[in-house]
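Mind looking over this structure? Questions follow.
Chain naming follows the written order as A, B and C, and within any one chain the residues start at number 1.
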Amino acid sequence: MAVSAIFGAKVNRREDPRLISGTGTYASDVALANMAYAAFLRSPHAHAKIKRIDAEKAKKLPGVVTVLTGKDIGSKLNPVPCAWPVTGADVKIPKYYPIAVDRVRYVGDPVAVVVATSPYEAADALDAIVVEYDPLPAVILQEEAMKKGAPLLYEEVPNNIALHWKIGGGNVSDAFSNAEVTIKERFVNQRLQPTAIETRGATAQYDPSTGMLTMWVTTQNPHVHRLLLTLMTGIPEQKLRIISKDVGGGFGSKIPCYGPEAVVALLAKETGVPIKWVEDRHENYVATIHGRDHVQYVELAGKKDGTITGLRVKVYSNLGAWLSTAAPGVPTILFGLILPGAYKIPNVECEVYGMVTNTTGIDAYRGAGRPEATYIIERLVDIFAHKIGMDPAEVRLKNFIPKDKFPYNTATGLAYDSGNYEGALFKALGMVSYDNLRRELQMLRSEGKLVGVGISSYVEVCGLGPSSVVRSTGFALGLWESAIVRVHPSGKVSVFTGGHPHGQGEETTFAQITASELGVLIDDVEVIHGDTDRIPFGMGTYGSRTTPVAGGSIVIACRRIKDKGKKIAAHLLEAREEDVQFDSGKFFVTGVPGVSKTLAEVAWASYGAGSNEIPSGMEPGLESTAFYDPPSFVFPFGTHVCQVEIDKESGQVKIKRYVAVDDCGKQVNPMIVEGQVHGGIAQGIAQALWEEAVYDEHGNLLTGTLSEYAVPTAVELPKYETTSTETPSPHHPLGLKGVGETGTIASTPAVVNAVCDALSPYGVENIDMPLRSDKIWRILKEKGISK
Amino acid sequence: MSKKPMSVRKTSRRSKKIWVPEVFSQKTIRVIVNGKEYVRDVKPRLLLVDFLRDSLGLTGTHVGCDTSNCGACTVILNGRSVKSCSMFAIQADGKEILTIEGLAKGNQFHPLQQAFWDNHGLQCGFCTPGMIMQAYWFLKENPHPSEEQIRWGIAGNLCRCTGYSNIVKAIQVASEKIGVEQMQVEPRKQRMVRRS
Amino acid sequence: MYPKEFEYASPTSLGEAVALLKKMGPDAKVLAGGQSLVPLMKFRLASPKYLLDINGISNLEYIKENGKFISVGALTRHHSLERSELVKQKLGLFSETASWIGDPQVRNNGTIGGSLVHSDPAGDWGSAIIASRALLKIQSARRERIVDSDHFFKDTFTSAVAPNEILTEIRVPVPPDGGRSAGAYEKLERKAGDFATVGVGVQLTLSRNRKTFEQAGIGLTSLGPTNLRGKKAEKALVGKNVSLETIEEAGTAVSEEVKPTDDVLRGSAEYKRAMARVFLKRALTRAARKAGASGV
């Protein structure tokens, strides 16, 4: 492929050959000599005091190396840190230890760890440990948890309220008192289990001669993981190496640092043998973070002409039994700021309470806060449209921020970079021939069919993010990203990125960006990530940030290389630097097309560093380290349309058609963009229709296996019709925006809107997710539609 | 080979003598994996997937659940796709296994692998080996499937990244590109017979 | 998730197998397809001392017609039943049921016998054997016995097969020919491969003029502590006109006789009761049409 065409091309992924041949390296693939296996004994109680642990029998079993309890670990490990004590919020971070010391707080809380020479023997030893518990009353639901007299999880968290935060703009009470129409709803955004198909795991190896601890971990952010592990274990950062080559999906669940990872590090140091630990799926479901779990009380104020004038939101957010790495930021910063969505709503108010409960911790799950916000506004727009008798598409058009009003400052304080919301909406409506479709549905309804169409127009805030803004929200670090671009003497290129793609394909797109910037063949570029000893300190992959932010750092590094290259080329060509230009991998003198130096020639000279090769005083070499701190967030957007039919007798929802128009600015590789959109849509549909983490009143997770937690198969999911519009980000060096989460954000309300549309002739306004067949059937029965 | 010298080696059933086989607490098994024969001592409880991954180092076959739902561990055992997390290695004694590592011919990818690559049929890649092995079996059973049939054909394999569309497309493309005869990997020397 | 230690034997004949079972006593478990047993062992919900792998017994895997029966070896894989031409032609209920079980890999390995002995009320085969009034051949070291499908399921996860016995064959009466017999299986599931929310298997024979229901067998999945026979629904059909009204009456009858329990994830007892009616009607309508009925 011509170098000039590499940016924006559908290039096959470079990560694929190893993954389709079974030669990738996931954390659980690591095998070291003399390796022993760790396994965690976990609490069967949601809340209990630990009276006694007897591990003597277990210690004597064949193959058992050691058994440690929370007491044995004592002060050797610090509590699991939380990295986002949101500024301006009342946040209480309780001390949550890697292994429970005297009290367990959720089913799955670790109480002991076993090390044995095989995972089978480790499992046997777990069975042989006797733990006596003194059960305590448990609280599962967040609204229950904050009530007076509710069982208290931590002394240091009164009323279990670990988080209280408010944001607003405009005059909301005026908006509501002057409103012609108001809507009031209670939405439940249910708890979800992220379900990366690869569970979490860690393998640690300690070298006593150097004091170096190397860990292979399932992580989305190796350096952040290292820093948090340093805080927990006391192992200095320079003595801790985190390697994470291939990661089998994350969706947010591999951002946080978890207690067992620190335990594995400690065990490797204490036992002197490499320690491996891999979660099983049940363990993953009880001990790896869950997502969402909001109870939302929402109000909309508007005029009869369809103008939305105000939005008031009060949210009770479940945080689970501990405050995971980013937990406080998800229902606040990542949620509240984007509440107005694509609309010019002058008055917005949001208040959030976050409660600790006797359940698995909750943190970022694909979309993280933004799906919860988009769901509110996109559901409300539909309910509002229905109430005033306007078409939901028309209400959206009426309230969209017009394309000539960007950058646009929202009532919640965000500055949207660019957008053409009506463009995406019109394109999506055109794809489904909206007017005809409405008529067609009307006809089907008159034949007694339950059919509906739902629209969702979203805006996402991503490209996290400008460090000064991020820091002002209380996040522990800035969210810039780093890159080293190294041109070797031969002119070949290595790119070291702080991003950590695990499915998003940036080994490919970053090679495309680099090849395009430096005018080299893509095959001459290698992209390296996922090893703290090889890459510069980086922030990792989450929040739809990697392509825009890490990509931005690569662009900057490449451009610095070209600047230096120009100086060298000028020296070599005996020309003035300002007369040297770079194009398609060559430096040439303006107006003298025949005279040029290739990047390779310049690279060779830079390493030769002789006086005839580089200007005097110049440092040798041709590489650049760049830290790109984005000047602002980026705001991808789009419109999704979903068409459904409901089986009248059984309540089953069938998606008949799914259309998505997304705008993530310039696209580096449209094939990969499309793949991200597909996967996002699938996860969003899954939330709308099937998935839900369910606890019983005792705090047992009833969806603790993949037999019970309903992850959809290829049979249930539809074919997606996707396309895009292109509105580049004005402040990004390549005009890029993120796309990793857009599908998840957009699709959930599109599906629920469609189902509620199908039932709207019967006066159904809202149904809480998941829209399982039994739930729909109950409504059909109540409405006399079904027997 | 260690055998348990159990009292049931020979027993009489009324007048008729009947041979009672050995009961093992450990056994030497012989399997052909990707055309290569392996002889290993195994304990009965060793799961086939752990045998492949840990004993043979074939880590392309993955584990994604405990309940036989995700399909990441799918391999071909004597011509049928199986979830290797739901059977014991000892059961594979005398049998022939094909895993993802054995699918390519030298440097040439199997058409399914190629189609997954060309059609962006994978993202994180963790489900991919199981998905490809299941598709391999499925296309042998059903060389010219409809989209609907493909979807049912991979209903035992979960993917969390792709939303399945591109996987379905990849399998469709592979099925169009290859005839049944090409679906056969290298002809095996001699098919091992089941113990009888 | 790793099973406890156990000892393993792999007999190659039924005689060996039952002799071993006798010796091993109640601590032994028979391993057929293992699609339920192995996950249970991994969760340590089942921890047998001995595992008797019967997959090496080659003459337990067959589908053959002998006279009035189609005999299916207990080790026959679901997939073989799904694909068998004989089964498709004469026992449509069985090929349909097979296609609804688990997922393709589970069907490749799971066996009809193993599934039946497991006696999960959510098991699909139970309804097929009940609807078709199949007989089950059971072998111990001492004797062979035949149990009919109404006496096969004792309780949830408990079948008529004693610890010292092995289910060896499922004998399904060949429905009367002439194209007036047909079967169907209908299943409601949250997603492909899930345990049935409800399942209904029917086996019908119409009168020669296709005007009345001559015989009707109805088996029900996930609608009680075991697979159940829809006795009242059968009664509502036999001898009655083939009509939507009759089918409706059978539906009403079935919803009154099932004994479902609430399932937080798959639906309330009330929902399942209603779905028993809906899915029975669908199965009956489809089977009746296949058997040449008109007007339904």
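Note that a contact is a pair of C-beta atoms (placed from the backbone, for glycine too) under 8 Å apart; a residue touches a chain by one contact, two chains touch by 3 or more.
Just so it is clear, the structure is predicted and the values come from calculations on it, not from any experiment.
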Could you classify the connectivity of these chains, where an edge means two chains touch, as line, ring, star, complete or other?
complete
Counting contact pairs per chain pair, which pair wins?
A-B
Separation of mean Cα positions, subunit B and subunit A [Å, integer]
33
Could you grab the centroid distance between subunit B and subunit C? Build each centroid from C-alpha atoms only and quote it in angstrom.
27
Between subunit A and subunit C, the Cα-mean centres are separated in Å by 44
Mind pulling the residue numbers of subunit C that touch at least two other chains?
1-2, 4-5, 43, 103, 192-193
Residues in subunit B with touches to at least two other chains are numbered 43, 45, 66-67, 69, 152, 154-157
Among subunit A residues, those touching two or more other chains are 119-120, 280-282, 707, 711, 713-715
Subunit A partner, complex, touching residues on subunit B are 43, 45-46, 50, 53-54, 57-67, 69-70, 72, 99-101, 103-104, 109, 113, 116-118, 120, 122-129, 132, 147, 150-152, 154-168
Could you list, by residue number, the parts of subunit A that touch subunit C in their complex?
119-120, 123-124, 127, 280-282, 649-650, 652, 690, 694, 696, 702-703, 707-708, 710-716, 772-774, 777-778, 781, 786-787
In the complex with subunit B, residue positions of subunit C that touch it
1-12, 15-16, 19-20, 23-24, 31, 34-35, 38-39, 41-43, 50-51, 53, 55-56, 58, 79, 102-106, 108-109, 141, 192-193
Along subunit B, where are the residues that touch subunit C in the complex?
4, 6-8, 11, 13, 18-25, 27, 43-45, 47, 66-69, 71, 74, 80-83, 85-88, 90-91, 93, 134, 137-138, 152-157, 194-196
For the complex, give me every residue of subunit A touching subunit B.
12-13, 15-26, 28-29, 31, 119-120, 195-199, 246-251, 278, 280-282, 502-505, 671-672, 674-675, 678-683, 705-707, 711, 713-715, 717, 719-720, 743
